[in-house]
Each structure stands twice: as structure tokens, then as C-alpha cells.
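Here come two complexes built around subunit A, the first alongside subunit B, the second alongside subunit C.
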Partner chain A sequence: MAALVLPAALLVFTLLVAPMALLARISLNHYSPTELMVEAFTAENYIRAVADPYYQQVLATTLGVAFLCTVLTVLLGFPAAYWLARMESNRKSIATILTLLPLLVGNVVRSAGWMALLGNEGGINAALRALHLTSGPLQLLYTPGAVIVGITAVVLPYMVLTLAAVIESIPRQAEEAAANLGATASTVFRRVVLPLSLPGVAAGSVLVFILCMNAYATPLLLGGPQFKMMAPAVYDQFVRGNNWPFGAALAFILLVATLVLTVIGSMALSRRYRG
Partner chain B sequence: MSTLVLDRLRKRYDRTTAVERVDLTAKQGELVALLGPSGCGKTTTLRMVAGFIAPTDGRVLIGDRDVTQVPVHLRNTGMVFQAYALFQHMTVAQNVAFGLEMRRVERAEREKRVAEALRLVRLDHLADRMPRQLSGGQQQRVALARALVVNPAVFLLDEPLSNLDAKLRAEVRMEIRALQQRLGLTTLIVTHDQEEALTMADRLVVMERGRVRQIGTPEELYENPADVFVASFVGNCNLVAGTLERPGSFRTQSGTLLPCTSEAPAANDGLVLALRPERVTVTPGEGAPGDIRAQVTAVTYLGAQTEYHLDLNGTTLRASRSTPLHDDPLRRIAPGEKLTLSWDAASARLLPAETETGDET
Partner chain C sequence: MAESRGMFFKSAVVASYALMLAPVVMVIIISFFRQEIISFPPEGLTMQWYVNAWERREFARGFVTSLQVAAIATAIGVPLGTAAAYALARAKLPGREAISTLLLGPLAVPGVVAGTALYMFYLRAETWLDQDITATLSGLVAAHVLLTIPWTVRLVTASLQGMDRSAEEAAANLGARPPTVFMRVTLPMLRPGVVAAALFSFIQSFENLELTLLLVGPGRTTLPVAMLSYLEFRMDPTLAAVATVQILLVTAMMLITDRFVRLSRVI
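Coming up: the complex of A and B.
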């Protein structure tokens, strides 16, 4: 039976573990503007990334956006997931497909659409002007708000489906039992549904947080040139700056930050669940 | 604790009628079982009492209070669900304490009553376990304690034993009945198991396709079933179609005459003779002239009981009795042999034949 894992394991190894190992090695190399990458064994790239206020800001922005988006998706996704989970089975499959539908539109295409909607000459500003609500164009595009809304919209289906799967496993009779024992609807939610959904909140948050930390197209297109998150910054170093060692170091900082926060977050949630 | 009255309770869905009309008064401390095959409306009725389903017509009264419009959480019923529905994230004690918390019972009092309730179901030693660490029977008892601890006005049980294995079922059945009697709880229990209903209930409500077929004590239902459905659903019963030849004699469709002195219902065309298999006495041999004779078609050994499948010139009957001893000639009766039958002519009941079409809704 163990052999069944082999093809997948092989694929993951060659396409993930091996390149990551290479990248780790590269991040320790020295960069020279004339010779580009020079074989070395130095921590200078990490030190620079951590010490440079600019990259500190990029990491802080990334963490802030990812955190906000995760919270937003939980708040928006929970009611939708509950509704989906408690739906009758014949309509549920249709609703599930509708939930997945936004994922059929790629990030770049979607962001381009958002640009058309949010731009100074875009749909929203045109409407506001037509209704004489504003005199000049409202700056909507190229703002952190646009990025947060954009990323949230992209990752929301992941949260809804993850949560719905867990909520579905909570027997409806448990809710009925609570009501029968004297709990109002809000108490049933607070004392029964929410605590039993926490594993789903944890799983969904981990998934969404990782996706947000690594968002690329949305911050690039909706955030504009001044707004930087980690994934575009890594890309810049590799492609525009040709500074592979520094890019690799940034990539690893992103990876480790994501990993550490994910582990801490899910541990906190699961402890809450047990208690 | 109070009486429970269902007054012309009815539930219609778009096209179907789940419950046609239920009238029932359960006295203080009485255990009433709603019995019927799946889809007969018994669970819908129970859920209307609990408040999970709003009736289309009719009223639910607990004590003297009309609770038809009262939301679930204010009805003060204690319900035990089929799958227990324990709160998986709470300990046994927390589960039991939940209803008391909702009633804002003070902590000290709460702890006292939780301990009492757990002692009542003999689970006080497992108070700090999580539900998933318990066996099915133990989970069932937690559910009982959780529903009882709040002193419900009415105790509701929805197929409480169907998830337990046969041996445990008999045990828990006795336990529920003892608890219910000790606490004097007015109780409504839903079950599809006639044995469960007969052994536990003071009175039974037999339902079929949303209608109440008969309400009565176990004995009334068994001895005097109102119709063919009740006769066949409660216990085993021979049902033979035919007509009343003359008072005291029933002619089956194949022409055999059977003794029967019970009164015929109004419509004489199309009758069914209902005769419990254990009321039929079988004796080996041809018997005297005028005796009822039958040929054995099969003998089913059930341990304590033995069942004889009999043919009376085209009319089939079943007789059952405690398995005869080794030296009894009946013990060696085999298919093909002849037996003589007899029964008390008064214990054969006459019922109107079922008309399958008359189900206008």
C-alpha cells in the first residue's frame, strides 16, 4: 500500500524539496553587481533583508494584508458556509458549484476587471459622478483597500468550502438539543455551532493565510507601484534585479514567516477547541 | 410535570399530509408511545410537541398552557434524540449542566443537580469524560440525564433505543421506564418497534400514513385491535379474509368454516378474521369428526417457541406455542402430517377488510 504514495512523493520531491534546497543554497551566496552570483557561505542577504527598513515595511504590509484578509474571509465566509452546509442535498451541489465559480476566473483576469471597475475613469467613479455624489474622481485603485478587497474575493471560496465541510459534520440534532434545553438561536451558535466549527475555522484560516501571504497578481495590479508585498518583491529581485541570492533570502523569510504564524495560529485555535 | 394535550394536531406540507389529525391526552406521569412504520407521522408529531415543527392546524397544550406558538427554547420539554446529539466539545458534566445554565441556575445548585442526575443514570464516575470516550449505552444515559436534569414538563424520546444492540436495548428500556415512573414524568416516546412500545408504554397510539389508527393500552390493542393494520402491526396475527356464514361461524374465501363468536362490524361484506397464532392449540392426529384439521406445511423452531404453518383446505394459518418437550409427539411433527386445531371462538376477532383506495386527503 505504501507504494501508492510513491508517485506523488516523487513529484513533490523533485518539484518542491529539491528546488527549495537549491534556493536555500543560493540564498547563502554573495551577490556582486558585475559578476552577479558568487559562490559563498554568508548570511549577508538575510541580515540585509531583516535590517533594511524598506523590506521590513514590505514584510509588515504582507503580514497586515494577510491577517486582515483572513479575518475578513472568516467573517464573510461563516454565514455563507453555514447556509451551504444546512442546505437540502439536491440544491447543495448547485450552491457548491456556484461557490467554486469565482475560481474559474484567473487572478490576472479578475484583477484586470477590478482595475476597470475601480479606476479613476472606472465604473464606480463614473456612477458616483453621474449621481453627483462626488466632484472629482475618488482614489479607489492603487490603494491598500483595493488589494485587501481583491484578495479577500479571491480566497473566500476556499474558506467557505472548508468551513462548510466542518459545519456539515455538526449534527443538526446537536443544535436542536441545545434549543430544547433552553438556548436561544444566538446562544446555540455561540455555545454549540461556533466551538464545534473551530477546527474548520483553523483549517480555513491556515489555507487562506498562506494564499494571502503569497498573493502576487492582485497586489501587483490593484496596489500599484508604491504598494509592495513579499511575493512581487521576490519576483523583482530574481527578474529585474538579477539578484538571485537576495531574492532567495526574501523567499525564505516569506516561507518561514508563513510557516511560523500558521503553526502558532492553528495551535492556539486547537487549544481553544479542546478547552 | 404536567399533562400533555394534542388537540386536532395536523401538519400539511405542499402536497402531502404528514400528520392528519392527532387527538391525545396524556395524563400526568403517563408514558404514551407513538407507534408506526417509518413515514407514519409519529416523529413529525413529536417534533410538533417539542416545537421544531409548526403545526398547520391544532394546538399543543402542556399543563393548561397553549404552547403552539411558543418557541422551542421556552417550552420546557426534555428531549432525547435518536443519535443522542451530545455536545461533543463538552464533558459529560458540562453536557448535563447546559440546560441548567440556560435556566440561570446558580453554580452551587447546578453542580448539585448535575451530580444527582448523573447518579440517577449511574454515570457519576464518568462526569469528566468527553462523550466520544463513552460507549453507546453510556452516551444514551448522558442524553437522558441532560434532558431530565431540567425537570421538564414533558419528556420526549425519539427512537431512543434504535442505535443500541439488542441486549442493551432491553436493559435501557427497563431503565428508562423505571426512571420515568419514579420521577412521574409525562412522557411521549416515538418508536417503530412494537415490542418496545408494548413493554414500556401505558398507552399506545398506532399511526399509519399520518392517521391515528387506534389509541389504547397494550392489552386493548393486542386483544381488541380496531383494524387489520393494528392487528398486523402489534404482534403477530393470522388475518383471513371471508364472510360471516352465521353467528359463530366464519367462511373463508376457500370455503373452510372457522369458529368465531365475536361480534361482526357494521359492514358484513368483506370481513377479516384476526386470530393470534398463540391462541391456536394444535394436537397431533386426525381428531374426532367435526374437528378442524390441517396439514402442516412447515415447522419453525425458534428456541422457546415453535411455529406451525398450517394449510386448511386452501386457507393458511399459523399456530405457535412454547416448544414441546422431547417426549411430546408434537415435537416430532413434520411437514405433510396432519394436526387438529382448536381455539376459543371468542378470541377470534372480526375486523372490516382494508380498502386500500379510501385515502382521500
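Coming up: the complex of A and C.
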């Protein structure tokens, strides 16, 4: 019976682990404009990526956007998750579908929606003009703000669903008992609901942060040509640049930066949770 | 004071759902606008863009390719993932934790990293095998099977954990051999989990972008990649019509899944 695990394990090993080992090896190769990739064992791609001000800026932008979006997602997602978790069961099914639907239709479709909303002739500018709040169109699309709104919207369902699962496991009686003993709504929230849902906040933030760091379609479509995040920069090296060793090094820098910050973040959160 | 806090809570809930749903709703609305350049209010409503979208070959072929890839990848990945989940739950496996981490790996590795790694791997394998892999149906299917495994393992494991084992034991006591027990007792009881896994796998494959992006080629593009290349130049009602078809397909599949398993319980 144990052999039943083999086909799936072999498949994941061949199509994920082996390719990543190969990518790691390629990141140590040398690139020459005439011969493209030359077999070597050098850290030059990593050094170039870390030293180049352009890529420093790209990484800084990516980190900034990921932090901001994660914080926004927690602040917006918590009330939504609480609302979803404490809902009556027959309406809850519909609300869950409405939370899952945007997640499952894909990033490209949602980016298209934001383009239609944020464009100069788009929904938001048309509404502002109809209300006589603005005279000319506001530049909303192709701005960093558009990317932040777009990514926050993309990752929000993950946070809401993760938090809702944790909040659901908090017995209502705990809240009711605190309220009966005279705690105000905000005290119940601060002293009962929030401490008990911190593991969910940690898990949700980690998941969302990883997704933000690696966002591809949203920054590409909503950010405009000047705005660069890491994931599109990695693909550029493979599609346009043909500099595979450098692209591979960028991919690993992105992976390591994501992992290190995720580990630090969840350690800090879990320490607070225990204390 | 309590009043204003309640208001804050309600507005955060409304803002969250507006952010999540507004772009989806907007795409559907735009797809019926008569004018080609998006502007409000609409000059009239039409279904013309759906015809247009179907007549654009990249969308029609992308749609068919995406359906094919998702269907084949699901048909391969769900049985493999179900078998693996069953073995993980029931067999005495050395290194169970490590295997489980490996199988959930495709969910944890960012799509950009996995996508570029797979592209390099395919190019290398093409040289070894002297055969095309990128831009072929089998190359795409293999990549997408990778997406279906972690979802299947996760959903089927959840059903296995919630399952009452006494029926299996009764069948075994009555003389049924292990394969018979699995086919006649375990598998029927796992049906909701397997159906959910199949539908989720299909959707994950159908909408995947990052893993697919470098593996497509001229004449063989998936729908999300075709939409992305189009959107890099413009957003118009034709694209909105294509996106609306994808939204309808995903909604239909979710509603079917919800009949088998309560979605609010499996995610």
C-alpha cells in the first residue's frame, strides 16, 4: 500500500525538485552576450543582482508593496472574516462562494476588471465626474496605488478564508461570557477574539506575504512600464533578456528573500502569541 | 462610541467585499457595452463582443487548449493524488512528514520560480531526448498535473481524516480483500473529497498563469496567457467577454462542487 504514494512523489520530484536544482546550478553559470550561457561556478550573478541599483530598487519596491498589502489585508480581512465566521449556516454557503469566486477566476480576469474600473474613462472616473467631484480624469491606472489596490484585492480572499476558519473555532460562549461579565465590545475583541485568532493572523499573513512578493500579472498590467516588481523582472530575463544565469539568480534571490522574511515574521508573531 | 465602532466594522466588511468582487462584476458589465472604447455611461448593450471573441483565433484556441489541458491534467493528477493521500493516511510510511511536504510543495513554491525552473528543465530535457516539450500539449499537461497534486492530497486527506473506519473494518471482517475494500467501501465514502479535488484541480489548471507562461508557444497558448498578452496592449469589451466566459465556467464548477461538499468546510 505504501507504494501508492510513489507515482505522485516521483512526479513532484521530477517536475519540481529536479528543475529547481537545475535552476540553482544555472544561476552559478557565466553569461556572455555572444555565447549566451557558459558553464562556470561563479557567484557573479548574485553579486551583480545585489549590487545593481536598478535591482535594489526593484527588490525594495517589491518588499514595500508586499508589506503594505499584507498589513492592509489583515486590517480589511479581519472584520470580513469575523462576519463570515459568525454567519448563519444557510447564508454562509453563499458568502463562502462569493469569497472564493474572485480567488478562483484568476488574476488576469481581476486585473482586467481593475483596468476597466481605474482607466481614465473607467468606472471610478465616470462616477467621480457624474458626482461633479472632479472635472478632468484622475490618473489612477498605471500608478503604484493601482498595484497596491489590485494586489490587496487579489490576496484578500486567502486572508478572509484563513482567518474565518480560525475565528469559527473560537467558541461563541467565550465572547458571551466576557460580555456578560461586563466587558465592552472592544474589550471582548482585544482580550478574547484577537488573542485567540493570532495563529490565524500569522498563518494568513505568511500566505499573503508570499503571494504579494511573487505577484506577476497585477504589477505588470496595473503598474505601467515604469513600475517594476521582482516576478516580472525574473520573467523578463528569460523572455526578453535571454540571460538565463542572471534570471535564475534573481529567481533565487526572490525565493530566499520571501522565505527569510516569512520565517522571521512568523517567529515574531508566534512569540507574541505565546507571551 | 460603540455605535461608531460598529460602523467601522461594517464599513471594513463592505470595503473588503467591494475590493474582492468589484473587478469581477465590472468585467461582466463591460462585456455588454456597445462602444468599443470603454466609457461610461454605455451607448447601448450588445452581445456582439462574445461573437467577436470567439472569432479571434487566439481566444477560441486558447479556450480549447485550456479545457484540454485542465481535463487531462485532472484525469491524471486526481487518481495519483488520491492514491498518495490514501497511502499517507493508512500505510506505515517511513518519512511520512517529508513525503507530505514534498507533495504539498507545488503550493509552497512561488509560481514564478517553479515556472522558470520548469522551463529550463524542459529545454534541457529537449536536448537530451531530442524531442519538443515546450509548446506541446504533453509539456503543458505535465506542468499542470503538478498543480493538481497538492490540492488533491489536501482535500482527500481531509476527507480521510473525517471518515468512520468501522465500515472498512466490517467489510474486511466479512472477508473482503484490501483492494475490494478500497474500491467498494473506501472510495465511495471518499467521493465528496475526490469530486472537490477534481473540480479544484480543474479550476487551478484552467486559470494558471505563472507556471504556464514560459511553456506556451505560437499556436499553443492557454486562455489566461492569451488574455494577458492582449491586456498588455488594451482592455476592451472583447477581452471582457472572454473573461466573463471564464467567470461563468468557474462559477458553474463551484456551484456543482458545493453540492457535493460544503465549500465552507473544505477550504
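Of note:
Here, the second predicted complex is superposed on the first by the 259 of 275 C-alpha atoms of A that agree within 3 Å, B and C clash if a C-alpha of one lies under 4 Å from a C-alpha of the other, contacts with A are read in each partner's own complex, and residues count from 1 in each chain.
In this section, a residue touches a chain if its C-beta (ideal position, glycine included) is under 8 Å from a C-beta of that chain, and two chains touch if they have at least 3 such contacts.
All of these numbers come straight from a predicted model, not from anything done at the bench.
Clash-free side-by-side placement of subunit B and subunit C is the outcome of superposition onto subunit A. In the superposed pair of complexes, A:L133 makes contact with neither subunit B nor subunit C.
Of the two partner chains placed by superposition, only subunit B is touched by A:E176; subunit C is not.
In the superposition on chain A, contact of A:P195 is made with subunit B only, not with subunit C.
In the superposed pair of complexes, A:T184 makes contact with subunit B and with subunit C alike.
When the two structures are aligned on the shared chain, A:G113 is found in touch with subunit C, with no touch to subunit B.
In the superposition on chain A, no contact is made by A:A51 with either subunit B or subunit C.
Set against each other, subunit B and subunit C differ in how many residues of subunit A they touch, and the higher count belongs to C. Rounded to the nearest 10, the angle at the Cα centre of subunit A between subunit B and subunit C in the chain-A superposition is 80°. For the overlaid pair of complexes, the smallest distance between C-alpha atoms of subunit B and those of subunit C rounds to 13 Å. Where the contact sets of subunit A with subunit B and with subunit C meet, they give residues 184. Within the complex formed with subunit A, the residues of subunit C that make contact are 2, 5-6, 8-10, 12-13, 15-17, 19-27, 30, 37-41, 80-81, 83-84, 86-88, 90-93, 99, 102-103, 105-106, 108-121, 124, 142-143, 145-146, 149, 153, 178, 203, 207-210, 213-214, 224, 227-228, 231-232, 235, 239-240, 243, 246-247, 250-251, 254-255, 258, 262-264, 267. The touching residues of subunit A, when paired with subunit B in their complex, are 171, 173-174, 176-184, 187, 191-192, 195-196, 273. For subunit A in complex with subunit C, the residues that touch the partner chain are 1-5, 7-9, 11-13, 15-20, 22-23, 26, 75-80, 82-83, 92-93, 96-102, 104-117, 119, 121-123, 126-127, 130, 149, 152-153, 156-157, 160-161, 165, 184-186, 210, 213-214, 216-217, 220-221, 230-231, 234-235, 238-239, 244, 247-248, 251-252, 254-255, 258. The part of subunit B that touches subunit A in the complex is made up of residues 50, 52, 72-79, 81-83, 85-89, 98-99, 102-103, 143, 146-147, 150.
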